[in-house]
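In what follows, chain A forms one complex with chain B and a second complex with chain C.
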Partner chain A sequence: MAEPEPGLARRRLLLAVPLGIAGLAGLGSMELLRRMRNGTYNPHAINDPRIGHPVPDFSLPAQPPATRGFSSADVMAAGRPILINFFASWCVPCLQEAPTLMALHDSKTIPLWGVAYQDAAPAASDFLARNGNPYTRLARDDTGTTAINFGLYGVPETYYIDRHGIIRWRWAGPLTEETGIGRLHSLMAAYP
Partner chain B sequence: MRRGAWLVILVLLAGLPARAWAVTDPSEMLPNHAEELRAEAIGSQLRCLVCQNMTIEDSDAKLAKQLRHIVREQVVAGKSNKQVIAWMVARYGAFVRLRPPFEPLTWVLWFSPLLALGVGVGAAALSRRRPAAPISLSDDERARARALLEP
Partner chain C sequence: MTPEIGHFALALACVFAFTQGIFPIFGASRRDMRLMQAAPALALGQLAGLVIAAAALVHAAVTNDFSVLNIAENSSSLKPLLYKITGTWGNHEGSILLWCLILGLCGGAVAVFGRNLPTGLRARVIGVLGLTAAGFELFALLTSDPFTRIWPAPLQGQGMNPLLQDPGLAFHPPILYCGYVGFAVPFAFAVAALLEGRIDAAWGRWVRPWALVSWCFLTGGIALGSWWAYYELGWGGYWFWDPVENASLLPWLAGTALVHSAIVVEKREALKVWTVLLAIGTFSLSLSGTFLVRSGILNSVHSFAEDPGRGVFILALLGLVIGGSLILFVWRAPAMAPSGLFAPVSREGMLVVNNILLCAMCAVVLTGTVFPLFAELVGAKISVGEPFFNSTVFPLAIPLMLAMAVGPTLSWKRAELMPAFARLWWAALIAAAVGLTIAIGWHRILPALAFMAAAWIIAGSAAELAERTLLFRAPLAQSWARAKGLRLATWGSAMAHAGLGVTVAGIAGMALQSQAIVAVKPGQVTHLAGYDWTLDKISTVQGPNYVARIATVTVAHDGHVVAVLHPGRRSFPLEQQTTNDTSIRTNFLFDLYSAMGDESGGKVVLRLHFNPLAPWIWLGALVMAGGGGLSLVDRRRVRVGAPARAHVPAVPA
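And then the complex of A and B:
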């Protein structure tokens, strides 16, 4: 076949450019979806201003079955990284993440501290009796003020706190193997 | 026809709960009218983190209600509008502001109208300077076109 005329070549280029842009946009979207699945990208969290800062000051009362709550001083004194998980008995995704949290508890990878968020104490302890209690320490945030100081906007949310009490990572939504648990080891290596 | 009437009533009712709460609830308002107006002005610049395209003044999410309350507390305590917004930004990031600040992260956003205008003007200038050359066909193509056109 003869070489296409310059005019025709330009037309092909005109077609190729939008196709190319659409293709690149598709690849970009696939990458975003991949990152959403493995927990490195959360579309709702534009930025997390609390990352890199110490946990806010708080002191929370006990959530049964625990007999004493915990405070920011306790977090600082832990001397090792911990996960703080906000949950509630009225929260469906919390039910969804319960098996993952139990598996994490059984693996003894990292201590999990729980905060019952705006929940009736008996309802929260019922929830733990039914679905297992993965928490080494348990407190309750009735007013939700501590949660707001963490920058929480829904339950469940999980924060990785290093041994100096600095928030290093946060996940808004249920924890699964892909969203977070898989990242724990690299977090623990980077921020012991 | 009766079913149609019921449908209309249902649709009308569906719009009600959204109006019933929010700032129209008098128990949430500050007794001092000037302070209440200032709190509303601040709150209407803040995004509800639960239903992300509503302000905390409009939303009846529990968190929005709490944030409204915090705004009012701080207004009564004499905090400036800037201080209240900074308090929110420290917890939820610049995302919480419905009117985004002018900073390196948002430059593209703020300049996007100018960018779009530039692209448009550029395209117009280009098309003016170089009117599209009529497409000339080679002999082969001419023959193919004829074969396609002729019955």
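And then the complex of A and C:
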């Protein structure tokens, strides 16, 4: 073999750059996977700047069978984490998630506050009478303004609010065992 | 019983792959002829195992064997036969099996078509392919076994995502995977060259056809995917800068650079280290693309499997393949002395410009795709969308397209720019005329620039061919003779370049589209792009496994009916899902495009588009792939690739 040429070491350093980049990318991906496994990172979560911020200001009227609605002040005053669930009687996936919500209600894991979204009050209360009422408190959002302030994608959609009134997690679409209920415990541990 | 045979065959293939990886490479380092000669047989053995495994899975799907978990979860007896077969690769486990099968095919192809390779190089190439395949087959066996049984077996399967029940998408994965996985062969050549510590012109000559085949498939695969998005998703777009789309675009950009830099290795023995790095990089991007998709790290409409456990396995596999090859690169590549000097203005110089721009585009798209992910690691929430990609990719694409027409006219080693411009002046004139017309007619700068670039590339390719055949300067008969004598590779490259021009024209045309989203009752008319779109009626149609609502939209121009469109929505009760049936009428100059949305209160939402030149996007990709294919069948390449044959003594009859 020829003796080492001058500049070989420098060339080697230059050619090590791709390895370095690949290594960094690998470490980053490992960290992402670790966070996916312990539930602090969800690739399918909607990239939402509202997460980590307090709930928007709102005050909503009652939705029967409840006799009074609730406001952002009530959420702040709850003193414990809650789930806010937007639903509507005209929405098929809401029907799908109804059994899951009832099971959640029966398990007494976390209070569920419901908002009937752009729905006729009798239709919404019929819906609850037929499929069960899992909600501790109930309000209605006729105009959809509150939903817009929450950044609602559509119904059903569920928000996890910690005891300081800060939105920590959202799920657009029906809640099932896989798509949220399972993650609830790690959320409650992380954000009591 | 058949699924067990398939499972066993897969395990057998994995064992073959390990032996294929270990013995030939070990033999090549020990110069043991017997071990090296074993490589082709082992590769074919692995391929046989994979073919049996894939056949077993297809058999289970066709015979509705719902005791196989994968079939029960993804198929149903109501599904048409075609989708039962193509559905086997429409899910995670099946797609990994398909991936392995294609990698096995690559190994088999090197074993069969690589007879002219030096024994040592062939053994190492097949060995590297074997090691890679072994990893993926182990992944399939340990975490993604397609043959797992369930008991009791359900009477009916859960069906397949109806969105995937589409002929365009049915054949999309095999074609795309041929492209993705095909780059394993140039990768294996690169690693083999690093192991040998030697790269010469012959290496470039061998590696280029493999890169070219994969590139053609990838081009076709990307085009098919984008076409599917256009007519099936019903969003009116064709490219969304979706992470999964980017994952296929990245290896395409790197692979395009590789196809070009390999020319320089072949002709001039320059850019050797760079080409090796590109070969490694292209396959790494293909692999990472799969990783990003399969692990669900990227949020996307396309990913159908997400499982962090599989992600860890794939990540380890990636670390071994990519990390291992890059470590070998750092260790061996610095000693490969550069040779073949050239002036900045030369064919090589232009190809370097091509490589720099393509790699810059690749880097930009890669950054845009993964940066939001890694930004989350440090707590920042960033969303990177279409505006970023459009504003970063186009400024790089314009100079690339400028250079594309000039490059082929330059001579190797040292060239003058003036003669090149003397040949291209009329192409420049056409391009300027087209650009000005669009700019004045539509008042849009970016589309005008893109149309200009498209005209420049197409006219430039024509100018290149005209120059080679002395068209209009010599008698026609002489030009014809010259045209027949021209290398197919020259025709191929001109065709591929022109194909890109056609695609760019299509993209620019789409930028000039007009669209409307309207809620209309039957009888109502919408005016769009000079056409009257009338909703006539909405009807219900019962399909084999779906119920469809179909609208009838009559499109008229000046009172004459030009098209009757039937956009619809199919609801699949079993899968509880709805798909869009867009209805498109094309005359290859523009598309009349319609998609149907929700119905409420007697009104239906219609999405209507007038898309100028839309079909050109995919037509151009076909032309590009065809150009690659033409270059591939160039007989001279085949002859040069088989130098040993000339010395083989004739076999007595």
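Just so it is clear, the second predicted complex is superposed on the first by the 146 of 192 C-alpha atoms of A that agree within 3 Å, B and C clash if a C-alpha of one lies under 4 Å from a C-alpha of the other, contacts with A are read in each partner's own complex, and residues count from 1 in each chain.
Methods note: contacts are C-beta pairs under 8 Å (C-beta built on N, C-alpha and C of every residue); 3 or more make two chains touch, one makes a residue touch a chain.
Computed from a prediction, not measured in an experiment: that's the story for all the values here.
Contacts of A:149 after superposition on the shared chain: chain B is touched, whereas chain C is not. In the superposed model, A:118 lies in contact with chain B only, and not with chain C.
Of the two partner chains placed by the overlay, only chain C lies in contact with A:26; chain B stays clear of it. Judged by the touch definition given at the top, the superposed model places A:8 against both chain B and chain C. Applying the stated contact rule after C-alpha superposition, one finds that A:18 touches chain C and leaves chain B untouched. Shared contact residues of chain A, touching chain B in one structure and chain C in the other: 8, 11, 44-45, 47-49.
Against chain A, the residues of chain B that register as touching in their complex are 49-50, 52, 62-63, 66-67, 70, 89-95, 133-138, 140-141. Of all the residues in chain C, the ones that touch chain A in their complex are 273, 277, 280-281, 284, 288, 291, 295-299, 306, 308-309, 311-312, 315, 318-319, 322-323, 326-327, 329-330, 333-335, 370, 372-374, 376-377, 381, 383. Note for the complex: chain A touches chain B at residues 1-2, 5-8, 11, 44-50, 118, 144, 148-151, 153-154. Against chain C, in their complex, chain A makes its touches with residues 8, 11-12, 15-16, 18-19, 22-23, 25-26, 28-33, 36-37, 41, 43-45, 47-49.
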